[in-house]
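A, B, C, D, E, F, G and H label the chains in the order they appear, each numbered from 1.
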Amino acid sequence: MSDDLVIAGKHFTSRLIVGTGRYRSMEDQVEALEASGTQMVTVAIRRLDLDNPNEKTILDYIDPDKYNILPNTAGCQTVEEALFVARLGREVTGTDFVKLEVIPDPKYLFPDPAATLEAAEKLVNDGFVVMPYIHADPVLAKRLEDVGCATVMPLGSAIGSGQGIHTVEEVRIIIEQANVPVVVDAGLAVPSDASKALELGAEAVLVNTAIAQAENPGLMGEAFKNGVEAGRKAYLAGRIPVRAYAQASSPTADVPQPASARS
Amino acid sequence: MSDDLVIAGKHFTSRLIVGTGRYRSMEDQVEALEASGTQMVTVAIRRLDLDNPNEKTILDYIDPDKYNILPNTAGCQTVEEALFVARLGREVTGTDFVKLEVIPDPKYLFPDPAATLEAAEKLVNDGFVVMPYIHADPVLAKRLEDVGCATVMPLGSAIGSGQGIHTVEEVRIIIEQANVPVVVDAGLAVPSDASKALELGAEAVLVNTAIAQAENPGLMGEAFKNGVEAGRKAYLAGRIPVRAYAQASSPTADVPQPASARS
Amino acid sequence: MSDDLVIAGKHFTSRLIVGTGRYRSMEDQVEALEASGTQMVTVAIRRLDLDNPNEKTILDYIDPDKYNILPNTAGCQTVEEALFVARLGREVTGTDFVKLEVIPDPKYLFPDPAATLEAAEKLVNDGFVVMPYIHADPVLAKRLEDVGCATVMPLGSAIGSGQGIHTVEEVRIIIEQANVPVVVDAGLAVPSDASKALELGAEAVLVNTAIAQAENPGLMGEAFKNGVEAGRKAYLAGRIPVRAYAQASSPTADVPQPASARS
Amino acid sequence: MSDDLVIAGKHFTSRLIVGTGRYRSMEDQVEALEASGTQMVTVAIRRLDLDNPNEKTILDYIDPDKYNILPNTAGCQTVEEALFVARLGREVTGTDFVKLEVIPDPKYLFPDPAATLEAAEKLVNDGFVVMPYIHADPVLAKRLEDVGCATVMPLGSAIGSGQGIHTVEEVRIIIEQANVPVVVDAGLAVPSDASKALELGAEAVLVNTAIAQAENPGLMGEAFKNGVEAGRKAYLAGRIPVRAYAQASSPTADVPQPASARS
Amino acid sequence: MINLMVNGKPREAEDDINLEKYLATFDVNLRFVAVGYNGEVIKKENFSGITLSNGDALEIVRPVGGG
Amino acid sequence: MINLMVNGKPREAEDDINLEKYLATFDVNLRFVAVGYNGEVIKKENFSGITLSNGDALEIVRPVGGG
Amino acid sequence: MINLMVNGKPREAEDDINLEKYLATFDVNLRFVAVGYNGEVIKKENFSGITLSNGDALEIVRPVGGG
Amino acid sequence: MINLMVNGKPREAEDDINLEKYLATFDVNLRFVAVGYNGEVIKKENFSGITLSNGDALEIVRPVGGG
């Protein structure tokens, strides 16, 4: 069964996008990415340290044949900053893909809906494949799709909070209305969060802190790989409905009787 | 890394116990059990149809080299019935393992705590390896452990209801206090339910209707296999803590500026 | 509309039972009980301090014309202890009402289902009006009703934990099956918890720590009074059903148009 | 204790805003408004039926000395429509207060964040006291406050769905960050929903369908009145913290012993 | 005669009629009523000053129950 | 002839027949089958030693799919 | 003298003293007080009828705040 | 000499130096590096065509780990 994730015509067999922030070591990261089976990893764009201009960059540790690079605009608080960093990221990585983040709020790192919509439209017109990070707002998701975004990326809960998916109802509606892949991003802490997102019909999830900061990032990367596979298969396999009452899984008739009271 | 589930000294590499009820066909069942990777399957004990005494039984379809048989006492409403059916099951299957169910309530199929405790103690004294199906009551679980049960099997929600795990808080406490494996049973609908149970520290789950009645039981069996592996690995990998606020996964300093306003 | 709570033939217009433990001062307690409008308050039975045998007791602060006394068996870990303390309590207070607690577990203070059932039956036969504190186990609740308990008191969450009602699904089922008043006890933290219990059809709630340890116990007592009234009225008023989609609360037709594009 | 709700300098002793849609009869509505104790009611603006130009309007049934009128822009799908209807509403009612709704989505009636922000800013500049209906998006709420909105009105769940408050976490954050009153609107079904919102620190709630479509609107109006009072008092009274473990509400020492085993 | 669009429906009116007179033809009780004229909201005191022309769009509105 | 209750239904059997022979009358495949005799579970090797009498209750069971 | 266990602690009392007199030695206000005597609850009116003996266990209790 | 703002910090450079030569003064490995010049992103092939002037702002960036 071919069941690829397709974003802007690009096919992926893995539905797990992994972030490259907050690993305790490059070794941890390399092991975790490998174990996760991911085919797309995010990177941020930052100023070069001019006193150390030749230090290795994150991309020196990432095999371009194995992983697609998804540069983000993390750290940008305005439309102007996001456009600039997106373009720098395209120049650095050579890809048109961009994870768009416009985040004025430092405490919860929640994105600005109006600024994200404005930046998304401009980047689409500039030829980018835009994957916007948004609050789980179904109308905003629809409008981003309408301006040409390649996916929508509603948040589960605050970035790095490990709170899981608070927004199940909203994500369910976004999925119901979307004609582009829905990628649940932020807050996922354990594979059951990822599995749940895919069971609902999300096409993929993005995970960073949950893997990078786990006690054992490699094993957690593998755990998320399994969880994402589980969720996708369950979505395709067709889950049972929810019922108000029990349904016996063993036959109710012909139960042997110690004395033949019941017949 | 060897990480077996051990029940009464018996080792299992799979942490997914699968029920054999409610499949649409024997072919579905055989495929689903295979795909699930399970090593233990439950069966019920019922009266033989004397007008058709030679029809194949469920065990004729289950390879004893692949699957351990776990006879249950489903359908029993009293201690006396449960003891009788447990003993019949032992005679039929040749195993001392028994899934104990004493269920007077036909609507929700919730077990009777006092009758289950009484029957469990008697069966333990009769040499059984007792795996009691119970409400997620931490004190009851402790008392069942104290009388010698090999596991406790708290319910997530009503059998076959597909409601998932309503009893997360109680299951968490049962796990915290248990010295025997905790197996979450009943109500699980999707792999994220199974994964969540194992992430909490449950040693295994028992699933029947969610697989048997899925549109594609084989694929759902595989999905639960992945979900259980995901949950166990996540438990071992050490999940991140829950935080009230966000933690940036990209560096917050050195963000490039379109004009050098911010430095 | 007369809508009394009736327990063992005794009528109450208030559906809020209040505990008398953990107040910072007797003044706080007197004020809070008054503000709560309660007609039934619990007390515990403890050894007299023989070095100070004439100190005032809790009952010296409680007007017997305003409040019915409900002695409890808190602190009892076995059936024998519970029977003894229940009888001492009856002698002290002169009432046959008893809140039965058999709690072997000091960490979560969860009750023992089998021991509670055994003690309840003995106390009923001894002429007590038994109100057992139990885990939210529908089968246990039914059996307690069958042995003659006057109410059942399922827990919402651990005593004093302030976690609210984790057991909504189970409480809903207990209410559906009960022929005696269901009183939700333990864990309630805020009036919305009490209101929710009554909206589900619980006949009353028991609250102690949430009022006694609030910053302002008097005001919190009043808040719970309002919450209980709100919940009961909502139950009687017939709530709207849950719908998957929105239903406009304003007419959808005849919206004025700035230009008559839409007609 | 004076504890008024203050919106744009106007004081209200009631924290319950009530909608006037979907009542089965004017009698129901008049009774429910009275019982609810509300001081602010919403109305919609629609085309006059020119074949029946003298029929009574909703305002003929609402005592202007008792109730402040809050015209809404329900039915508007664009900024232009919302501005036009807001101005018509001001002309009809003589108040500058407006509940701003810009809702392109007919299925869930979720508002458009960018369009709402644009319309809000224009209406503020036009002298309106703007109360925008929004998704529970903390950044959007902050931006609406920044452009001069008098309140923010995050939704609990879809209008008329009776699903309650799905957005507790987001509403909590909006409240934490807001310098204007937060009014939770939409989806509330029972008084415990209203009470919970106020316990979190919301300054008020808006309720329509839950009262109008209750079996007994008058009694439900009264129930919500009690629930709102309960929630506000609990907020002021200072709730107990949530604890992981139990805390006994009865003393643990000096428990009488049937035989003096324990001392 | 001129053609108007009133509350989304075509209607005829006399030439050179002003808004106040036009509304009077409906015997509308103006209490709780507002009027939009080609997308602008007109105050009651100005009704008489507005002469309707062919193609004008009017929205004559009143309050209804809503949430 | 004697009267038995077998799997909850009345049946007749010859006088003095033992359990092994009685089961044989049904041509039951004994693999995966167990027998309860008046509430007691009987091991296969003891079937021949049990002579059925009037009023005896038998439960002849086999495994079925269950959860 | 006899040895008693009172509220979990050893105490001495005079020979042949009855419960009523013994309680009086503590000057206990009997309102809201109950007494357990070797695991049995004794009614006030029977205090005088109970003569304490060596090894008797008494529980003298009163109500306290509790939930 | 001219004054530049490079990565948010003031720096000096020779008159009339072009971007390519200026970057060379840092011995920057240009693989995985991009440059913003007064808010515009400049392609590598155009570095030599850009002559820096007093007050120019440069952002010299590279990828880092991020989520």
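Methods note: contacts are C-beta pairs under 8 Å (C-beta built on N, C-alpha and C of every residue); 3 or more make two chains touch, one makes a residue touch a chain.
Quick caveat, the model's predicted, so the values are computed rather than measured.
Asks: Going only through chains that touch each other, how many steps at minimum separate subunit B from subunit G?
Replies: So the least number of steps between the two chains is 2.
Asks: Which chains contact both subunit B and subunit D?
Replies: Touching subunit B as well as subunit D, we find A, C.
Asks: Treat touching chains as neighbours and tell me the shortest step distance from subunit A to subunit G.
Replies: The fewest touching-chain steps linking subunit A to subunit G number 2.
Asks: So using the touch definition from the top, which pair is joined by more C-beta contacts, D-G or A-D?
Replies: A-D
Asks: What is the distance, in whole Å, between the centres of subunit D and subunit H, each centre taken as the mean of its C-alpha atoms?
Replies: 54
Asks: Can you give the whole-Å distance between the Cα centres of subunit B and subunit C?
Replies: That gives a centre separation of 34 Å.
Asks: Centroid from C-alpha atoms only, then distance subunit A to subunit B, rounded to Å. What do you get?
Replies: 30
Asks: Which residue numbers or ranges of subunit G touch two or more of the other chains?
Replies: 7-8, 36, 39, 59, 61, 64-67
Asks: For subunit B, give me the residues that contact two or more of the other chains.
Replies: 19, 21-22, 44-47, 72, 74, 84, 88, 108, 110, 159-160, 163, 208-209, 248-251, 254, 256-258
Asks: Which pairs of chains touch one another in this structure?
Replies: Final set of chain pairs in contact is A-B, A-D, A-F, A-H, B-C, B-F, B-H, C-D, C-E, C-G, D-E, D-G.
Asks: Which positions of subunit E touch subunit D when the two form their complex?
Replies: 6-8, 26-29, 32-36, 39, 41, 43, 59-67
Asks: Hey, which residues of subunit F end up touching subunit A in the complex?
Replies: Residues 5, 7-9, 36, 38-39, 57, 59, 61, 64-67.
Asks: Which subunit B residues qualify as touching subunit H in the complex?
Replies: 248-251, 254, 256-260, 262-263
Asks: Give the list of subunit D residues in touch with subunit E in this complex.
Replies: These residues of subunit D touch subunit E: 19-23, 29, 42-48, 50, 53-54, 57-60, 69, 71-72, 74, 84, 87-93, 159-160, 206, 208-209.
Asks: Report the residues of subunit A in contact with subunit B in the complex, numbered from low to high.
Replies: Within the complex, subunit A contacts subunit B at residues 19, 21-22, 44-47, 72, 74-76, 80-81, 83-85, 88, 106-110, 158-163, 189-193, 195-196, 199, 208-210, 212-217, 219-220, 222-227, 229-231, 233-234, 236-258.
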